[in-house]
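Presented sequentially are two complexes of chain A, the first with chain B as partner and the second with chain C.
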Partner chain A sequence: MALRIPIAISKGIIRFLTKHPRQVIYVLIGVTVIASYMVNISLSFEPSPLAQKVYDKVDSLKPGDHVLLSFDYDPSSEAELQPMALAMLRHCFKKGVIPVVMTHWISGLDLHKMACQEAAADANSHYNKKIVSGRDYVFLGNRPGWQQLILQMNENIRAAFDKDFFDQPTEGMKALEGVTSLKDFELIVNLAAGATVEMWIAYGSDKVDVPFAAGTTAVSAPDLYPWIQSRQLIGFLGGLRGAADYEVMLKYPGRGIRGMPAQSATHVLIVLLILGANVHMFAGRFFGKKKE
Partner chain B sequence: MPDDLQLQPRRKGQAIEMGVLALLIVVFLAVSMVFQKPFSQHSFGDTMKAVGTIMAAGITLIMYSFLYRDNPLFKIAENLYVGIALGYSTIFAWRQALKPEVYQPIFAAPTSDALLTALMHRTVPILLGLMLVMRLSRKHGWLSRYAYAVIIGWGAGIAIPLITHSYILKQLHAAVAPLQAAPGPQAAGAEVLSQAWLLHVAAPIFGAAVLVLGTVAVLFYFFFSVEHKGVGGAVSKVGIWFLMVSFGASFGYTVMGRLSLLIGRVQFLLDEWLKIPSQ
Partner chain C sequence: MILKRTIPLLIVFAIGVLAFVQEFVPHPWSGKLVDEISTWFKIIGGFAMFLGTYSLLHMHLARIRRKMPSWGYSVFVFIGAAFMIGTGVYNEIQSSSQPAGPNSPFDWFSWGYKYIQVPAGATIFSILAFFMASAAFRTFRARNLAAGLLLISAIIVMLGRVPISEPLSRWLFFGNSQAITQATDIIMEYPNMVAKRGILLGIALGTISQSIRILLGVERSYMGGGD
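== the complex of A and B ==
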């Protein structure tokens, strides 16, 4: 008798869930993300070994060394890749390494310019630097050509980019002193929302034998493991977690770390939903058979 | 008459939905006015920034309204996105490619020598580009084939050696090399079954063996010239297992990626639109 009311309530919940499962899942995930973003949950996590390798490589560079950063993404992947770009740029500025930034994705140009300017401003305030475009970093912008552009950069970077994004001639630019082609970079990094990592490996890093690292959206991350095993990639950052890993190592919290509680909470929710759905399915089968 | 009776509840439902939608729009505008204060900013730039944030928040919420169901506002936002993306890319294509590579060297050449050099270097590529555009014409569409022939011929000539080297030979080497690798310095002289031996000799060899087995089994699964029966069938099944593990990892990462996008939008809505400081 006492169990009647709870049983009726659970039956009602199950009926509602089975009638509108999609909408219920969306609402639950939305509420979980908002709640975990607003509530103070401190999560401690160890950076992945692959992210550690990328960080260690940048950290081992000397002031004045050059890193080529190819930001091949646009606003649709901003949530995952912009925090990575910011973290890597801040690291370069902190170390005095000169980032040379370019993109194959014309639709992301403003986003990449904003990343450079925001990271420079952060470095000025946080590390007491005076970062200046053309001296401490270059934003080359975009040129058409994709593979052809990389091949041209293998020969002469100034022929590929005669001016930077702000229309400053690259000839005689202080930030590019000592750089003629891709061979002169200590590291090439590709932050990619598409298939440019493979393109950079085949046409760029493999050809000139320069260490290569990548950062990708979580969707593309599993495709990168074969390149790690063949040592064509020294390491990579995968999705928002990759950005958070880098921020943890840099000790500069950004959007990556702030997104981790929400991501962890939604993962727990998804696991619970999978378990609940399986229990419901097997219970349905069991009780269905009993009735028969 | 019966048709009218059936239509009545539907019309009623639509009217309710429209009412709810209008209410939501009013609430959204009211909240935006309270948190963004677009009309009490100090400069025109700040006002435009506030208006931009309100528009971005509104379009974000309209996009998520698709989770309830398809609706006219979603269609407007969808078309707006495509239009803006195209317009934006066109402007940058002109600024970053056509202007510096075509217009300035030819139509704004500083000297006659510079014009001659530009014509020598750029006439053929420009012609090939124009031939590609001919694809839009039924009558002259055949001209585009010459441009495609150059692209494919060039692509094959450049790509085949590089792709073979990077995608096939290096990957093959990586798959087989660990099997013949000598034990590392940490394992040199280590006793069999000791921790160092397990970690630096047994584990890499086991990993490499699994990798070779997986590669062969998956390749065999896609090899249809032999019927998958007996030993072949067993190998093929092992291939399916490896594929399933791979798809599972990809699906897990995909879910993680989609959630990251949602988190990104929530961060924007809370931080920039509602200006709620995160903990």
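== the complex of A and C ==
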């Protein structure tokens, strides 16, 4: 008698879920994400070994060394890649390494400019360093050409970018002292929402023999494993978790770490939904056979 | 015939062979050639951007003229384009009269980008989470052994990629907080990589054969005309 009400409620939920699965899932995902951001949960975790390799490489650089950061993404993947860009720029500024930022994606230009400015302002408040464009970093902006642009950078970076994004001539720029082509960089990093990682490997890092690291959206991360095994990629950051890993190592919490509870809760919810659907399927088979 | 087919084919063959050969020539002239070709490429890229914009606006104008289904959305393309092009051109005129710098004052172009394009782009991408959750719920069923293995791998990877895996793993595997993460790494580094490598090699071989077909004039669809 006491069990009749809960059984009736669960039957009602299952009936509603099987009738309108899509709508129920959408509401559950929405509520889970919003609730995770509203409730202040802190999750401790160990950074992945591949993210650790990227961090260690940047950390091993000396002040005045140059890192080429190619930010090839636009607003659609901003949620995953902008926290990575910020974390890497902050790390460079902290170490005194000079980041040279460029993009193949014209639609992301302002986003990358914002990343440079935000990280520069953070370095001022957090590390007490005054970061100046043209001296401590360069934002080269965009030029068309894709792989052809990389090939030109292999020969002469100033021919590829005669001016930076702010219309300052790259000839005689303090931040580019000692840099004539790609081979003068200590590290090349590509944060990519598309297929630019392969392009950078084929036309850039492999040709000039400069270490190469990447950061991609979570869905593209599995594509990068063959490059790790062939040692054409020293490591990579995968999705928002990659950004969170970098923030943990840098000890500078940002949007990556803040997003982890929401991502964890959503993944657990999806796993529970999948398991629930399978239990329902097997139960249906079992009881269906029994009736027969 | 000569102008439309033979000369373009000869240009493609000559440039293709030149680009291939210069890879193996360490002479400074080889580098200068790449530099020169890259500059041409950038100029053509600029025209392509103009052509793309024209093509987009032309298509949406046709949709509005013919009152095609959902033509109202096309109006927003023009509103957005007019706003961004207008503010962008205004910024360029302003910046020519004053020195540009990273700390430039407020402008409507950046405002539109930051408060309209960035949230709109992020919103479209975030919808993917809802679709993926719904698709996973409907498709991941252990109907046979292969589907069962896929289901188990998916669950391990989904959990192993988020921090919740550590307390969960500690609870499930007698204090070993890295068990699920290690299982995820094994799945990614072996079965996943094998499949990805196969795909990559297939793509590379396809690209090589297609390039040879283009260089030799067997593949001509890039010239248009349907052959």
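Observations on the structure shown:
Operating definition for what follows: the second predicted complex is superposed on the first by the 292 of 292 C-alpha atoms of A that agree within 3 Å, B and C clash if a C-alpha of one lies under 4 Å from a C-alpha of the other, contacts with A are read in each partner's own complex, and residues count from 1 in each chain.
Keep in mind that, in the parts below, a contact is a pair of C-beta atoms (placed from the backbone, for glycine too) under 8 Å apart; a residue touches a chain by one contact, two chains touch by 3 or more.
As the structure is a computational prediction, the values presented were derived from the model and not from experiment.
Judged by the touch definition given at the top, the superposed model places A:P144 against both chain B and chain C.
Of the two partner chains placed around the shared chain by superposition, chain B and chain C are both touched by A:Q263.
Of the two partner chains, chain C is the only one touched by A:N278; chain B is not. In the superposition on chain A, no contact is made by A:K53 with either chain B or chain C. When both complexes are overlaid on chain A, the residue A:A218 reaches chain B and chain C alike.
Within the superposed three-chain arrangement, the count of touched residues of chain A is higher for C, of the candidates chain B and chain C. When the two structures are aligned on the shared chain, A:R158 is found in touch with neither chain B nor chain C. Applying the stated contact rule after C-alpha superposition, one finds that A:K129 touches neither chain B nor chain C.
On chain A, the surface patch touched by chain B in one complex and by chain C in the other comprises residues 22, 26, 29-30, 33, 78-79, 106-107, 143-144, 151, 218, 222, 226, 229, 238-239, 241, 263, 266-267, 270. Those residues of chain A lying in contact with chain C across their complex are 21-22, 25-26, 29-30, 33, 43-46, 48-49, 74-79, 106-107, 110-111, 113-114, 116-117, 120, 133, 139, 143-145, 148-149, 151-152, 154-156, 159-160, 166-168, 218, 222-223, 225-226, 229, 238-239, 241, 244, 260, 263-271, 273-275, 277-278, 281. Interface residues of chain C, counted against chain A in their complex, comprise 31-32, 34-35, 37-39, 41-42, 45-46, 48-49, 95, 100-103, 109-110, 113-114, 117-122, 124-126, 129-130, 132-134, 136-138, 140-142, 151, 154-155, 158-159, 161-164, 166, 177-178, 181, 185, 188-189, 192-193, 196-197, 200.
Within the complex, the chain A residues that touch chain B are 22-23, 26, 29-30, 33-34, 37-40, 78-80, 106-107, 109, 141-144, 147, 151, 162-163, 198, 201-203, 206-207, 217-219, 221-222, 226, 229-232, 238-241, 255, 258-259, 262-263, 266-267, 270.
If you check the complex, the residues on chain B that touch chain A are 67-68, 85, 88-89, 92-93, 96-97, 100-101, 155, 158-159, 162-163, 165-167, 170-171, 173-175, 211, 246, 249-250, 253-257, 259-267, 270, 276, 278-279.
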